[in-house]
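In the two assemblies presented below, subunit A is common to both, partnered first by subunit B and then by subunit C.
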Partner chain A sequence: MSEPLLSLEQVSKTFRGRSTPFAPPSVTHAVDEVTLDVKPGETVALVGESGSGKSTLSRIALRLLDPTSGTVRWDGEDITRAHGRGLRTLRRELGVVFQDPYTSLNPRQTVGRIIAAPLRNQGLPRDEKTLASLITSVGLSPEQLNRYPHQFSGGQRQRIGIARALATGPRMIIADEPVSALDVSIRAQILSLLDELQQDRGLALLIVSHDLAVVRGIADRVAVMRAGRIVETGRVEQVYADPQEDYTRALLAAVPVPDPHRRARPLPVD
Partner chain B sequence: MTAAVARARSPLSLALRRTARSFGGRLGAAILLLVLLAGLCAPLLAALEGQDPHAFNGDLVDGNNGGNPFGSFGGVSGTHWFGVEPGTGRDLFALVVYGIRTTVIIAIAATVISVIIGATIGMAMGYLGGWFEAVLGRFVDFMFGFPTLLFLIALQLIVPSSIPKPVVLTVVLAAFGWVSTARLIHTQTRQLAAREFIDAARASGTPLRRVFVSELLPNLVGTLAVVVALSFPATVAVSAGLSFLGVGLDPSSPDLGVLIGQSITWTYTGADAGYLIFPSIALLLIILGATLLGDALRDAFDVRTESGR
Partner chain C sequence: MAEPRTSVEPALRLRDLTVTFGGAHPVRAVDGVDLDVHPGRVLAIVGESGSGKSATALASIGLLPGSAEVTGSATVAGVDLVTAAESQRVPLRGSSIAMVFQDALAALNPYRTIGRQISDAYRLHHRVDKTAARKRAVEVLDRVGIRDPERRVDDYPHEFSGGMRQRAMIATAIVNNPTVLIADEPTTALDVTVQQQVLDLLTGLTDDLGMALVLITHDLGVVAETADDIAVMYAGRIVETGTVLDVFDHTAHPYTRALLQATPNLDAPSRRLAAIPGVPASGANRPTGCAFHPRCPFAEQVGEACQTVDPHLTPRPGSALHRAACHFTAEQELPHV
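Take a look at the complex of A and B:
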């Protein structure tokens, strides 16, 4: 087995509310001692209901948020407290696709500038040819580089977001709910694009979703998160066929069934 | 048709086009341009009239009648288009065009300085957050509740006379004008900073300076344009007000506020209203034009923030 590319060890994040004279500050354990590895070329799905801490965890992995405790490793190197130059490698090798394509692109910049930004940050060449091949790889055309985000549909915007994530030739991409803001009709397109790019480039992919149906087709492994903890992990077939936890079963039962006669019964969560 | 598709318009140019199409925007810009041009060409216009704002014409005022100008409506004539100043007999048209110039230069300088200060502080507060935001936020609150006018009056009295009065006035106006800009930009920056494109910029390792200049600032340009257009007339009014109260510029300098301030006394004592009316109209036009333009800009940019996300 190869060494993990991204490794989160016993990572916790607590948020403190405002303290009042009569009550101690409220403490929220958004992420509670979570350990998770992603190996090169592997697709891992992080699933759980909203508020389960999966987005917080992905923001910690991206080093956008400092963990309260625990260790974040990238390619074996401890980057938990790294800043600025110390994160240069991570910034180049780890791309991110955000949930909301309407707020994740700067409305005042052309698509070309948006895609070129990571290259600029890394001091890499950002000539027209590079940008053209990037935008073509996500199914858009080079003429669209001069346009502004408001001229695109949600699905196209998400493609732009993916092109940005791919710009610096990353080894891994974190996709935080990449399709939940999109119309159902174009979700499959975006997912298969991600899957295709992952296969072609041998990327590792951490895909965060509240929807088990979304990740089933593309993930190798699944980690189920609830209330800040990972309650179950395993190969995707195994977790789907034989869930060990009630919570996972409830999540699976919540997946809508396309056949109206074969209605699934919702399971209660204790 | 393909050419039309390929030409992408930035949100900024779209908003500016909306402003240029609106009636208020056009009218405001036209008025403002006219008055500013008059101020800019003050020496030229005065020369065209054949007068000098500093020349005293004792023969045009009636010393036996308290120094009131001869002739009707403050001595309006073919040689003195707006009449003359009571007492000194200085040409009022020349005084007004030079006065526009003084007033506008001071107001523009003060507005630009205060907007730069306010935008920088507001952006830093909104993006950096934490204790920085807390401390500066208190300071901004303090400045907001400060009795500015009283302080300005007191300050003008203790500043050494070796410093030119226009400079003092500009600095003082800027030093108190930035507060509301900082507040507005602070709130807007906070909203922007919560958007995912800022996270995206950070996740790709964008240096702090570039986050401010390339990511945040372009999204604040509209707000800043509106702030400039609306705080300029406010600054004009405050600076004229200070000169009116006699704590702004020297009484002899050609400035709209000074002229209006002095004309009040003359009008009270029975002089023709011309001395009051001409500088007042000039001041009114500046404020009206800038306000109309500012409102049109605000409308144009607000539309975008509502619908365009």
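Take a look at the complex of A and C:
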């Protein structure tokens, strides 16, 4: 088995509220001693309800948040306390796709400039040919590099966000709720695109989602989070077919099934 | 259990409802919608962004801004809310027809207690004192499943969780026993476990109070579990309508079919979801002919008609209520996949 690319070991994040003269500060254990590995070429889904700590965990993995304790390793190297130049490799090798394609693209920059930003940060070449090949790889055309984000639909904007994440030729991408803001008919397009890119380029992929149904078709492994902890983890087929935890069972049971013959409410009479 | 709807007067009747947003480039958001919603039944309006589903709801209850031009009719309790004067609409709004919104935090007033907001809604339509109104607020909070309502009635919205706020908003909407309740994406912002509870609450109210529920959603899973009747909207028009079984078991519009194939099903074997190519059309960029033709896998087989002739809703065999607007399925059934 290959060594993990991203490795979170016993990672915790505690947020402290303000203390008052009469009460101690409130303490929130957003992430509580979580251990999670992502291997090269593997797709892992991190699933949980709001407040479960899944986004906090992904921000720790991206080194956008410092963990209170625990270790973050990238390709075997401890980067828990790395800063500035120490994060240069991580920033090149780990791409990120955000949830909201409306607020995560600068409205005053052309698509070409948006996609080139990570290349600029890394001092990498950003000639027209590079940008053209990037935008083509996400199903858009090179002529669209000169347009602005408002000229694109939600699905197209998410493609732009993915092109930006791919710019530096990363080994892994973290996508935080990549389809939850999109129309149903568009979600499958974006999930297929992520899946194809993952396979073509051998990328590792960490998808953070509240929706168990959405990630099932694309993930290899799933980790279910609740109240800051991973309560169950395993191969997708195994967790979905035979969940071991009550919480996972409850989550799976609550997902609506698009088949009226399976429903609890009686069918209409006419 | 849904009431049979034969011979029952609809609680809400839409006829040729059309909404146009003005300006230099007028946009027809809703284009000639006909719908009947019956007491004790759940009608799901299904559509994506730009389909006109929310504009249909807001026009039905007369809540669109003045910049929107509404024609056609929306009849509740014998009054057409489109042509009626505001003074005629006000007594109906909240008492005969009420609405629940997606974002409860934005819909509730953060400076007033939950109880105050519910009793205010009650006192708009009932001449009672504050004590009686408060008693009624406790009663409906209990009905929507808020535990310890006597105490929670004095809480502010921020003291409620997301699911409880949605329940509180539902309480405000049902306090006057409306005949029609419109719920616009009421569970989209909620976690799945809470979503299920809120949907159970809404269908329970429909069954127990004999309300007509209009559920606006983009989630076909939610529709399958709750709806009696369905109207699928695309680019401002209804493209398919019928009972939940008509639409799921005998799908007659390629767009409905495509939506179903794009919807994950945890009860079925895992498969890659089928993407719908292209971009959703809306009133602002409506293609000629059938608005779905640029994304439709059957348009090529039909030929020119799809690009030039606007299909009308026509009956489909097997059910008196099933209708679809499609040139392909007017002649034959959709092939099995």
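Quick note on the criterion: the second predicted complex is superposed on the first by the 263 of 270 C-alpha atoms of A that agree within 3 Å, B and C clash if a C-alpha of one lies under 4 Å from a C-alpha of the other, contacts with A are read in each partner's own complex, and residues count from 1 in each chain.
The criterion applied here is as follows: contacts are C-beta pairs under 8 Å (C-beta built on N, C-alpha and C of every residue); 3 or more make two chains touch, one makes a residue touch a chain.
Worth saying up front: this structure is predicted, and the values here are computed from it rather than measured.
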Clash or fit, subunit B versus subunit C on superposed subunit A: fit
Subunit A residues touched by each partner, larger count belonging to subunit B or subunit C: C
First, second, both or neither for A:A213, with subunit B first and subunit C second: second
Contacts of A:L267 with subunit B and subunit C, given as first, second, both or neither: second
Subunit B versus subunit C as contact partner of A:Q151, first or second or both or neither: first
Subunit B versus subunit C as contact partner of A:N106, first or second or both or neither: first
Touching partner for A:E49 - first (subunit B), second (subunit C), both, neither: second
Touched partner set for A:D183, first subunit B, second subunit C, both or neither: second
Superposed arrangement, angle subtended at the Cα centre of subunit A by subunit B and subunit C, nearest 10 degrees: 80
Contacts of A:A250 with subunit B and subunit C, given as first, second, both or neither: second
Smallest separation in angstrom, by C-alpha atoms, between subunit B and subunit C in the superposition: 14
Common ground on subunit A, meaning residues reached by subunit C in one complex and by subunit B in the other: none
Of all residues in subunit A, those that touch subunit C in their complex: 49-50, 153-156, 183-189, 191-192, 195, 210-214, 216-218, 236-237, 240, 250-252, 254-260, 262-270
Touching residues on subunit C, where the partner in the complex is subunit A: 1-2, 4-6, 41, 48-49, 162, 191-193, 195-196, 199, 203, 218-229, 243-245, 248-249, 258-260, 262-267, 270-277, 279-280, 295, 320-321
Sites on subunit B touched by subunit A in the complex: 6, 8-12, 195-197, 199-207, 210, 214-215, 218-219, 221, 308-309
Touch list for subunit A against partner subunit B, complex: 59, 62, 64, 87-88, 91-92, 94-96, 98-100, 102-110, 117-118, 121-122, 143, 146-148, 150-151, 161, 164, 167-168
